[in-house]
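Shared between the two complexes below is subunit A, which pairs with subunit B and subunit C, respectively.
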Partner chain A sequence: MNLEINVEESNGIVFLHIKGEVDLYSSPDVRKKIFEIVKHKAPVILVNLEQVKYMDSSGVATLIEGLQQSNKYNGRFALYGLQNNVKEVFELTRLDKIFAIYPDRDSAIGKKDA
Partner chain B sequence: MTKSIEIHINSDPSLLRMMRAALSQVCEVAGFSSSDTNKIVLAVDEACTNIIRHAYKNKTNKPIIITCTIRRSKLEIVIIDHGSPVDVKKIKPRKLEDLRPGGLGVYLMTTVMDKVKFFNGTDKGNKLIMCKNLPKEVKNCEPGNQR
Partner chain C sequence: MQEPIISIRDLHTRYGNREVLKGINLDIYPYETLVILGRSGCGKSTLLRHLIGLNKPSQGDILIKNKNLVTASEQERDNILKNLGMLFQGSALFNSMTVGENVALPLKEHTPQPDSTIKIMTRIKLGLVGLAGFENFMPSELSGGMKKRAALARALAMDPEILFCDEPSAGLDPIVAAGIDHLVLKLKKAFKMTIVVVTHELESVFLIADRIALMHQGEFLFVGTKQEMKASDNPFVRQFLERRPDDDEVDKDKYLKSLVGTL
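After this line comes the complex of A and B, so read on.
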């Protein structure tokens, strides 16, 4: 399955829905989409990883770039719905302490406690 | 008796998915849990990514040969490329507190595998050996296997 990336805007929040495997081949597409969003200084960017089955360090690097770009204008950049093996990559690299990571969409929005 | 499989791919990032699928099967045959399988696949994927980026400088038609051998007590993975020689001294995992994109591949490889050994590159290319010990219950089940 090729990578699918969809952008949804709702109540001032930009959701980036990613589906598939994020690796050296597909991460440039994710990077391009994230940079389009941060270029417009979206105040809140929530990355939906519920359907990401695999992520390598190039995918993680892409998300670090998104976080850093968003921090430059005091935006909020958070992740939600990480599958176990993707979560493990963030834990191994201790990036789970750097990123705001939520179990699901509602907790990422703040509708319920994480 | 050891079991061995060779995976040949071109240095084309679009082929990494197929390599991961094949390697997952090898790990399953070796008796690894799905969590360990994911880690081994990640380590090999990171190694191939580094080869494509650094040894082959993103050329997509160069060979990468991955030999997986299931031994009595471990899975041994040898990865060979024919790219620019890499100086082992320059291969270092980056510090995690240094938050920047990139440089995490070697850290992940050395963290998730039990042994990672880079060999100095020659004009014929580079070689890397990674090992993961088999789960105890698998070792105990196969007392007749020879190293």
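After this line comes the complex of A and C, so read on.
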């Protein structure tokens, strides 16, 4: 198993901790977990990518779906802790313009989306 | 030393009595762009067809991530090929499908992704190659350069670790061809791919290659960096770099015999 996903709830914020490689075969697990969370209309979802060494376009597409679902009920869906190679994928696809991306957990909690 | 991602060992291939590949040996390393250069008919496209499992060699091994493509079972072979993307010379798009359907096809066939995710992945790939908004176009509605870009998007659909490109700029005008070369460079940087390009276009080679393997009559005459190639004193390397035609020496008897059948 290359991927671990854990959900933590703290002060009304749902943290999705992802560890490992998000690829064509593991991203459906991430999607399933995100859809469970958005089904309950969690107002704030913060996705922790500190432990994600690799993410392919299926992982990126899955996060876009999460953002889209969260937008439907005016929720906040943000990412933090992207490693450089994951960050580059977001930059190349210009998705860094669409997602709220923070360097770490504290800044993700403390800052408001633009 | 870094372990090669592809190892070609003593690869031989024959078409009838003609030996097209004469014991090829080559290591290709992760994240490099290796260009296989050579004249038309030298065997470079044949080699590429072997590397993607379309042809079987008469002898020799092709190790991709330490798995032998030549001796692999059908299941093992499929698993190896899932990590490879291929940009064909003629684009090879399915003309009865839209551009988006072409790009989505490998994802639908080989992955557990739901349609909604595949749709977004398809749009991401088309955006990367500069074809955002063209997903509902038919291939026949695209120019040559756009077809090549669409084919590149399809080759990238599965986020391959290794991308093979057969004559990526063939048949394109110089500006569109340069655009494809720059696109290959950009994608390599972003997706950390190993790229193997077959071409005979020198301008393209010196832009994209980390290393060059020069093939002549089914063998590699030179493998090295661009700087090493420019400094090489191998006569064929020099001829290739200086774009000199073959010497026009004629064996009179042989030539006459070829025309009249007997002397």
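We take it that the second predicted complex is superposed on the first by the 109 of 114 C-alpha atoms of A that agree within 3 Å, B and C clash if a C-alpha of one lies under 4 Å from a C-alpha of the other, contacts with A are read in each partner's own complex, and residues count from 1 in each chain.
The rule is short, and it goes like this: a contact is a pair of C-beta atoms (placed from the backbone, for glycine too) under 8 Å apart; a residue touches a chain by one contact, two chains touch by 3 or more.
All values derive from a computational prediction rather than experimental measurement.
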Simultaneous placement of subunit C and subunit B on subunit A, clash or fit: clash
Touching partner for A:Ser107 - first (subunit B), second (subunit C), both, neither: neither
Which superposed partner A:Glu88 touches (first subunit B, second subunit C, both, neither): both
First (subunit B), second (subunit C), both or neither touched by A:Glu65: both
Partner chain in contact with A:Glu21 - subunit B first, subunit C second, else both or neither: first
Subunit A positions touched by subunit B in one structure and by subunit C in the second: 23-25, 56-58, 60-62, 64-65, 85, 88-89, 92-94
Interfacial residue positions of subunit B with respect to subunit A in the complex: 13-14, 16-17, 20, 35, 38-39, 41-42, 45-46, 49, 52-53, 96, 99-102, 104-105, 107-108, 111-112
In the complex, subunit A residues that touch subunit C: 23-25, 27-28, 31, 56-58, 60-62, 64-65, 85, 88-89, 92-94
Complex interface listing, subunit C residues touching subunit A: 107, 111-114, 116-118, 120-121, 124-125, 127-128, 158-159, 186, 189-192
Of subunit A, residues touching subunit B in the complex: 21, 23-25, 54, 56-58, 60-62, 64-65, 68, 84-85, 88-89, 92-94, 98
